[in-house]
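Here chain A shows up in two complexes: once beside chain B, once beside chain C.
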Partner chain A sequence: MNVIIKTSRNIVIITIEGSIDSKTAGNLQSQIMETVAKTNNVLLDLSGVGYISSAGLRVLLMIYRQIKSKNGKVILVGVSEEIRDVMSITGFINFFEITNTLENAINSF
Partner chain B sequence: MDTITEFRKFSASLDSLEPIREFLAVSAQKVGLDKSRTYKLCLAVDEIATNIINYGYLNSGIADGIIDVNVISDYEKLTVILEDTATPFNPLETKLPADDELELPLEKRAIGGLGIMIAKENVDDFKYNYENGKNKNIFCVVLSQGKMQAC
Partner chain C sequence: MAEFDTRIDFYPTHEFKGIKYRRGHVLPFGATMVPNGVNFSIYSSAATSCTLVLFEKNAEQPFAEIPFPKEFMIGNVYSMIVFDLDYETLEYGYRMDGPFKPKTWHRFDKSKILSDPYAKAIGGRDTWLAPPNWDKLYPFRSRLVFEDFDWEEDKPLETPIEDLIIYEMHVRSFTMHSTSGVKFKGTFTGIKEKIPYLLDLGINCIELMPIYEFDEYEHSKKDPETGELLLNYWGYSTLNFFAPKSGYAASGKFGMQVDELKTLIKELHKNRIEVILDVVFNHTAEGDHRGPTISFKGIDNKTYYMLTPEGYYYNFSGTGNTLNCNHPIVRNMVLDCLRYWASEYHIDGFRFDLATILGRSQEGSPLSNPPLLESLAYDPVLAKCKLIAEAWDAGGLYQVGSFPCYGRWAEWNGKYRDTVRKFLKGDEGIVGDLSQRIQGSPDIYRSRGATAGINFITCHDGFTLYDMVAYNQKHNEANGENNLDGNNDNYSWNCGWEGETNDDYVNTLRHKQIKNALAILMVSQGVPMILMGDEMGRTKYGNNNTYCHDNELNWLNWELKEMNADLFNFAKHIINFRRNHPIFRNKDHFSNTDYMNTGFSDISFHGTKSWQADWSSSSRVFSFMLDGGHAKNGNSCDDIIYVALNMYWESIFIEIPRLPEGKYWHVSVNTDMPSPFDFHSLSDESRIEDQLHFIAGPRSVIILIGK
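Up next is the complex of A and B:
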């Protein structure tokens, strides 16, 4: 799993590539949470994520809680149908704004 | 009807999760399971395997645990059986999030039980039994339309 963090116009853009399972989720969390703690706007680009388990959902939950506590905004982009399905089963889908393109996501902040 | 059985041993380590998913995906492809249902099967098995690794063997104090993965297909259904020798643990006895809990705002949600719920929801049938000192987690996916009773 690769993680790239960029900041553009006060938006932290986190691009993740690979699988987010119980092996990689802890690593992802430690790589991003410090940055997430310092911003109000997070854009998560999941275009390169082919797989996410409940361990990955837990990381999404942590980001959401952190940003929500500051009245900030989290937007997801590039969410595959399979990942939408698992977010739907667990009720996560209703709480995240999901856009289809990076440009739409950036313009939504 | 012909039955195909594939079997592989994996060490009970988080490093095994991706190889287990790959093993299942290849087996599922051989019997024509589509991409979406293969993904769901891999997800279901991954969630239970994670529990076995993170809780089952850890609570048993067994450092070099093994997870046996059996894949059995007979063209009507594909069955995956995970076997481990950790402390008996029946995932079906775990309290799952209730529907109203799933609608709670995420900031108020408890996270426990999500993995087991995901496992149950993503296959056509999920069973557990304990015999001969082994936990057996059994996942079944129907391969032919209209054969829902196959599982």
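Up next is the complex of A and C:
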């Protein structure tokens, strides 16, 4: 799993590639939580993510909870149909705004 | 991690082939995530040693087997914390050593790897009917689950039980049919997709047939004639009491069944629909002495099962073994289990399969004060859960009306079912009995009130409502037991032809009888329960015991909703009618007096003449009037409602009571009329011309509203 963090127009854009599961979730969390703590706007680009496990979904929810407590916003982009289904089935989807393109996502903040 | 650094138990003390571990906490039982590790705890009163066996998910061979050091054992409990385990990919089990001496009730076998009775998820049947590896060393594998679901503001709904309309369903059967139109067929998510339908129908509670992990392949066999695979389809045989059925989850293959089921419950609650689980604590999937050793049998056979002095299994459940529910250890497990489901899954209530067994002593005799039933009734976590007993067992004990209730327990009212069925088919001598049933059975629930009884005419066992009016006899040949299985006392009447027919007269009468049944159920005091699909004329082609079929005998065909639109529309109306008239939902029994001084007593009985009920044995006509001033035992206000039930085969000229000045009778329901004139929508009832007489057509139900 690779994580790239960029900031654009006060939006922290986190691009993740690979699988987010119990093997990588801890690593992801430690890489991004410091940045997330300092912002109100997070855009998660999941275009390169093929699989998210239970543990992975929990990292997304942790980001949401942290940003929500600051009245901020989390937007997901590039969510594959399969991941979208899993998020819908397990209820995680209800917490997030999902857009189809990076441009739409950036304009949604 | 820093916050835990100061805790001594953050650090391992032992190492075995590279795996680090230390002494654990004896409670809670099961496997619990702790900082940097997992706490394992398991009980056995007679094992001589215990070994923790750890697997990578789906691996054939374990990656470690760690014997519990003697010093880790407190009392009869083995516990240890193992460090650096992957919560998501870990599967674990135990080996227990000890005597294999059935005559002294022990069946230890250290060659078996045993599943944890407290496991929160079980691997092995992750996807429904996926072909299993029968030679697997460890077939049903204990797993960990995350217990941090974000419920937001949700909690159990605590709807007063008298206001419930229960819809009994089977998870897979509800949406598996190709016509269901859902994306995730046959799953928990499939039910979620159908919430708009449930709201449209008007029910406010679903009762799920067993969803604890079971093995659909248990006792599976090929039908010798058709070659069809017969399964443990309904799932009344539990592998583990804490784990949801993975094969019912669209996400089971990813191990996310817990989140999926919780999401379903959260969505149902958002829509004010409660969830009751049908729970099977009377036996397990391990069968008798010939059955497999999966968990309880190899951990502590004499604690978990009722055994004969010779060491065989008592069989009060009719399935091979009987869980020893009134052993203090097992009692605590049942309590822990229900508390877990009530608190972690926000379950609103439980229906206990063959609950009479829970009131038997360890030797099998009925107890007058069964400790398990008492514990459940007084438990603080379960204090607001509905507790519903199937008050009989396969050992011949029938306790409808006498199930030990402690002011809490309700019962499936089998007498209601039998009486209403007999009345519907025109049996003589039923009117007196029927009058008790529509009042919430005060004859058997005198001190317990009207809500002690769950009224039903059909349930998963037995005919569907359509089959009840289409078949005189069961037709269970497809079950592969020469039509010998299933109940013979169906009290059904086929309306003149056995099975499907093109005869309009027969089909019209059948539809009328279904409407009659639904109407009687919805105007009765007590808690009504309808069976999935009865609202649209679902048929199982006369099979009254479809426990083994994964096909259209069980799957709900959603095209029936259009084909039998008259039934669906009527069911929807009569459900709505009940929900809008509080007079049908009293908590306490009627007193047959006018304690609110309205001019009418709360209930009065009538016949072809008003104020003169015909209680004679040849009577097939029964009418009653409910006074709305006594709704909710005088705490609410409603119209005056008059219900006439004519199960005679000819029309009857009925005299109806004279209303007070300024009030008029209006027709709400007349099942003798063809659809759409069989009912009038709420507040749009039609005022009748003759305010003192009414003609009740042959075999029909009339509901009048005085307002």
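Methods note: the second predicted complex is superposed on the first by the 109 of 109 C-alpha atoms of A that agree within 3 Å, B and C clash if a C-alpha of one lies under 4 Å from a C-alpha of the other, contacts with A are read in each partner's own complex, and residues count from 1 in each chain.
Assume a contact is a pair of C-beta atoms (placed from the backbone, for glycine too) under 8 Å apart; a residue touches a chain by one contact, two chains touch by 3 or more.
These figures come from a predicted structure and were not determined experimentally.
Chemist: Using the superposition on chain A, decide if chain B and chain C clash or fit.
Modeler: They clash.
Chemist: Can A:Ser30 be said to touch chain B (first), chain C (second), both, or neither?
Modeler: Neither chain B nor chain C is touched by A:Ser30.
Chemist: More residues of chain A in touch with chain C or with chain B?
Modeler: Counting residues of chain A touched by each partner, the higher count goes to B.
Chemist: On the A-aligned overlay, A:Asn10 touches which partner chain: chain B = first, chain C = second, or both, or neither?
Modeler: A:Asn10: touches no partner chain.
Chemist: With the two complexes superposed on chain A, say which partner A:Ser22 touches: chain B (first), chain C (second), both, or neither.
Modeler: Once the two structures are laid over each other on A, A:Ser22 reaches both partners.
Chemist: Of the two partner chains, chain B (first) and chain C (second), which one does A:Asn71 touch, if any: first, second, both, or neither?
Modeler: In the superposition, A:Asn71 touches no partner, neither chain B nor chain C.
Chemist: Which listed stretch of chain C (2-10, 164-172, 254-262 or 398-406) steric-clashes with chain B in the superposition?
Modeler: 254-262
Chemist: Both chain B and chain C touch chain A; at which residues?
Modeler: Chain A residues touching both partners: 21-23, 53-55, 57-58, 61, 65, 85-86, 89-92, 95.
Chemist: Quick one: which bits of chain A touch chain C in the complex? Just the residue numbers, please.
Modeler: Against chain C, chain A makes touches at 21-23, 53-55, 57-58, 61, 65, 85-86, 88-92, 95.
Chemist: Within their complex, state which residues of chain C touch chain A.
Modeler: Residues 86-89, 146, 148-150, 183-184, 189, 249-251, 254-256, 259-260, 262-263, 266-267 of chain C touch chain A in their complex.
Chemist: In the complex formed with chain B, which residues of chain A make contact?
Modeler: Residue list for chain A touching chain B: 19, 21-23, 51, 53-55, 57-58, 61, 64-65, 68-69, 81-82, 85-86, 89-92, 94-95.
Chemist: Applying the document's contact rule, which stretches of chain B touch chain A when the two form their complex?
Modeler: By the definition above, chain B touches chain A via 14-15, 17-18, 21, 36, 39-40, 42-43, 46-47, 50, 53-54, 102-107, 109, 111, 114-115, 117-118, 121-122.
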